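Look for subunit A in each of the two complexes below; its partner is subunit B in the first and subunit C in the second.
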Partner chain A sequence: MARRLLQGNEAVLLGALRAGATYYAGYPISPSTEILMRASVHAADHPEFRFLQAEDEIASANAIIGASLAGAKSFTATSGPGFSLMQEAIGYAHKVGVPCVFVDVQRVGPATGMPTMPGQGDILQSRYGSSGDYTSLVFYPSSVVECYRYAVEAFNAAEESLSPVVLLTDAFIAHLNEVVDLDAIEVEVKERTLPALASGQTRLFTGVLVYADGEPATADADEYLRQYEEAKARRLTIAERYAFHEYGWNTEAETLLIAYGITRRICQPLASHFALWRPVRIWPVLERELREVAARHRNIVVVEGNDGQYAGVVERVLRRDVARVPLLGGRMSLEAVREGLARLGLLAPEAVGPAGAAR
Partner chain B sequence: MSAARAGDGATSIVIDGIGGQGVRVIGNTMALLLDHMGYEVTLLYDYDSSVRGGMSVAFLKYGRQPIDNPVVEVADVTLRLGDRGPGHLESRYVVSDIDLVKPGEDAEEIPFLELGVREFGRDLFGNMIALGRLLRLAGVEFNDEDLAPALPRRYQAENMAAVRYGYALTDEQIRHIVPEQAAAEFAEDYAEAIAAGHPPKEAIELAGTPRDDAAWAG
Partner chain C sequence: MERSVVFAGFGGQGLLFAGQVLAHAAVIDELEVLWIPSYGPEMRGGTASCTVIVGDEPIGSPVVDRVDVAVAMNPPSVAKFGRQVAPGGLLIANSSLVEEAYGRDDVEELQVPCTALAREAGDDRLVSLIALGALIARRPIVRPAAVRAAIRKVVAARQPDALRADLAAFAVGLRAGREPVRGRAAAPAPDAAR
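Our next item is the complex of A and B:
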């Protein structure tokens, strides 16, 4: 395959196929719908790839869990409101240990909100959306190439951790077209780890806490802790292999910008003024890496398309004040970033021109 | 006029319109052409959820180096078919359909839709004429072998001719075309009809119909 103009949503699908996905279930919702559309077209030409347009997001989420248990690498794609509907199923997949991938193309919420406008408001939902305690693995690419690469990694991490993995994007990354050469991207694909249903092994799938023999353990705190700690340790250990992040720009600068997804791209013209730290693995938080980088800078500013969701996390990890530049209502622009930084006294309004060139 | 380069070395183009006007066709065609020519390209659509009548904007950047920020804040050239784009957008030069130029802008007006009908028999060819003019203003020198695979397959020959027509327009020709009041009214009526939810084919018929005609009531 040569260079080609490719959209972020298409790259997610191609990454999933590269990872060996053979099952997609979904319900259309902007700005994720192109993934469903392309999956349906692919299924028409490739009978080994199964496609289901379900009646809603709840059915879609449960369908990919069923497909995974039956032996398929499976995935779905949605946006904020659909992601909310999928949370119960995500919790079930964590409890049972089902490898599968949930793609959440974020828009401005809550609820229907601004359906085509870019947002980053599902950072906390991707970690805490379901009930109870569990350990989420979440990746967030910043380019079309990365949509492909981290879709593959999401499937790999799901297989290794035996858990659902979330791939976050946003309306701008999803609808961005860039020239890419996917053949030039080297990726390793992790093979399926779980035996499929009907492969001769007796396996029990229930959201209820049970012992190994299938008897209920619904009042046994010790058994709960044993299973919880085992799952947590496994997922944290696996997460260490996926510690994707970026640190750069002007690393001598006093101020460190933290940005991810489309906001990292938008901030790029400020590269000579600030240092940048970008987490690709949003969850579990890259605490060690974040602390090391933050120690080198006097000011920390999180630029994100929500009202401080990741900034609060950074503040907790660093135990120091973190400034916020929230980009709300779909207003993802360098002008909005500059205004926010000027308001914080970290950038003179006249210092940087609209296109980022020094005036 | 040849577009100046932005601070990051890329050329920035904005196509500003409303849903149904062909912003995506123009943006896709130009991006594919530039890709064929070996440029690095980013193309990003920003649009309202209203399918017709809502904001529809394409941000296109291209250059010889990878492009970081795909969101255009200062356009080297803006093609304005409607006026719903982001308020913070600045444009070094604007090529606009009739009556959309703002005070103080360095701009030109061309009745693209009317030219599409007049020269090629259909309004939709106005989009390709606009693309041709945009390519000329951006200083993109292309050949037919690059353009052909980028064009929609339907009406490819006509589209090619329309792009070439727009590319070849001279300032003198534009000055001759523009001052016609009828063209201004045509563009205004067309935009109103699109905003009211009429598909382009109906809108072009309505735009040529007196306002007191019963067709407008529908």
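Our next item is the complex of A and C:
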């Protein structure tokens, strides 16, 4: 039957396969481990798909970079502390221009934190986790079917931008099982254009700044700027094709909720009282869309599973204060959202009934 | 129509499995459904629960503050989820391990000696399917035939030998749900984690 129950993590893997991924290297870490396990099962049955359980996340990240340079669409999956370990390699991939996908299934941090509880604390790390300046493309789905779709789009964006793209999810979405019909999902797959190693071309891959001929340019600010501006412009141009977002609910409401990933789902029962804007492309920030939507609402509240990481971004873009409802320690409940909104004076506590039960 | 059920107990009682069976049954009955597990890092002995939300329309929020049905297989689960049952809802307690009634007068409370019945059926791990049977008898969220088809689908793939015992346990639960047994079962469970 076409309709089936599917888990978020499994949907990510199936999306990667749909995009044509043929290499996975990773290290087990809750709540991402199902991706690694299913990738290994797939590899056992499909010799053209190569799988490596590496000794750690640093090796995993570097392995997928090598695999990509050798011609494979490659990816890895991890969670917060593993994502931290991968940052140096991610910076290298940005510097060299390597298309690959990093899946970060977020949990409550920092460090080991709360391994089975959902968090959204890697919003800034997904953009600024490595050293230096670079332009990240990051997507964050809110449902199982979106895990599939935006996994494909992450690979597409990687191929077009020649950069490592991050697919964020969270412990809740990852383990959520929803009914999907994968055959009904129409999504295009962008094929690889980057020539592989051993294809007859000579290429130099190095993290250090070099001229086109391979000579070091380590004292040439103009060369740095030339390369940096070219990469930034290319990434931003490509990102325009992936401007995924959602605006809806009660668009006439005074107050706009900004929520993404699992928090967007949790806020659903509030739909008649509030407007919603949801970025799916977290980075680069959807500045134009955000400004247009924000102008229509008197109040803006960011509901997120961290201490204001995206709220700070919204304030910078809009140059106006926004209110915050942080959902910390894995307490992802409508009750917590209602309490936060009531504390802000934006919702009478009794105005919205408890979520669930005999609707 | 939208109905939410939480299955809760200690790890190893098969609660996540029972929730998956219910979810698959909903797909078979062409309903919309979500299944959400929730567990501590411990594999055995720690609390385990899952929530299943079944509806005619695509489910919005997977997080519910109140549930229509709570299936609570040990005392900590009753304590935690008993208050989450919405007025008019159903609380199914495993009376083999849960000695006292929760006692809300706005909630239907059904005590089923799941552990004792599972022992009679030959395997402690059948407790959750017995509880699922009782649930479907009292609240036919999905058809019993859909549950049987779901059990066949989920179990046959993994352990064909277990299939007959699982179907039988579900039938035992259906009967127990139609004729509730009040109070403690005769045989206490010596190794029950509390």
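Operating definition for what follows: the second predicted complex is superposed on the first by the 354 of 359 C-alpha atoms of A that agree within 3 Å, B and C clash if a C-alpha of one lies under 4 Å from a C-alpha of the other, contacts with A are read in each partner's own complex, and residues count from 1 in each chain.
As a convention for this text, a residue touches a chain if its C-beta (ideal position, glycine included) is under 8 Å from a C-beta of that chain, and two chains touch if they have at least 3 such contacts.
As the structure is a computational prediction, the values presented were derived from the model and not from experiment.
In the model built by aligning both structures on subunit A, subunit B clashes with subunit C.
Once the two complexes are laid over each other on the shared chain, residue contacts for A:Ile266 go to subunit B and to subunit C alike. Residue contacts after overlaying the shared chain place A:Ser333 against subunit B and subunit C alike.
By the document's definition of touching, neither partner reaches A:Ala219: not subunit B, not subunit C. Legend: residue contacts after superposition of the two complexes on their common chain; A:Ala111 is shown touching neither subunit B nor subunit C. Using the contact criterion defined above for the overlaid structures, shared-chain residue A:Phe172 touches subunit B and also reaches subunit C. Shared interface residues of subunit A (contacting subunit B in one complex, subunit C in the other): 3-5, 30, 115-116, 172, 175-179, 262, 265-269, 332-335, 354-357.
In the complex of the two chains, the subunit A residues touching subunit B come out as 3-5, 30, 114-116, 172, 175-179, 262, 265-269, 332-336, 353-357. Residues 6-8, 12, 31-32, 35, 39-49, 67-71, 73-74, 86, 88, 90 of subunit B touch subunit A in their complex. Against subunit C, the residues of subunit A that register as touching in their complex are 1, 3-5, 30, 115-116, 172, 175-179, 262, 265-269, 271, 332-335, 354-359.
Of all residues in subunit C, those touching subunit A in their complex are 2-4, 20, 23-24, 27, 30, 32-41, 53, 55, 59-68, 86, 88-89.
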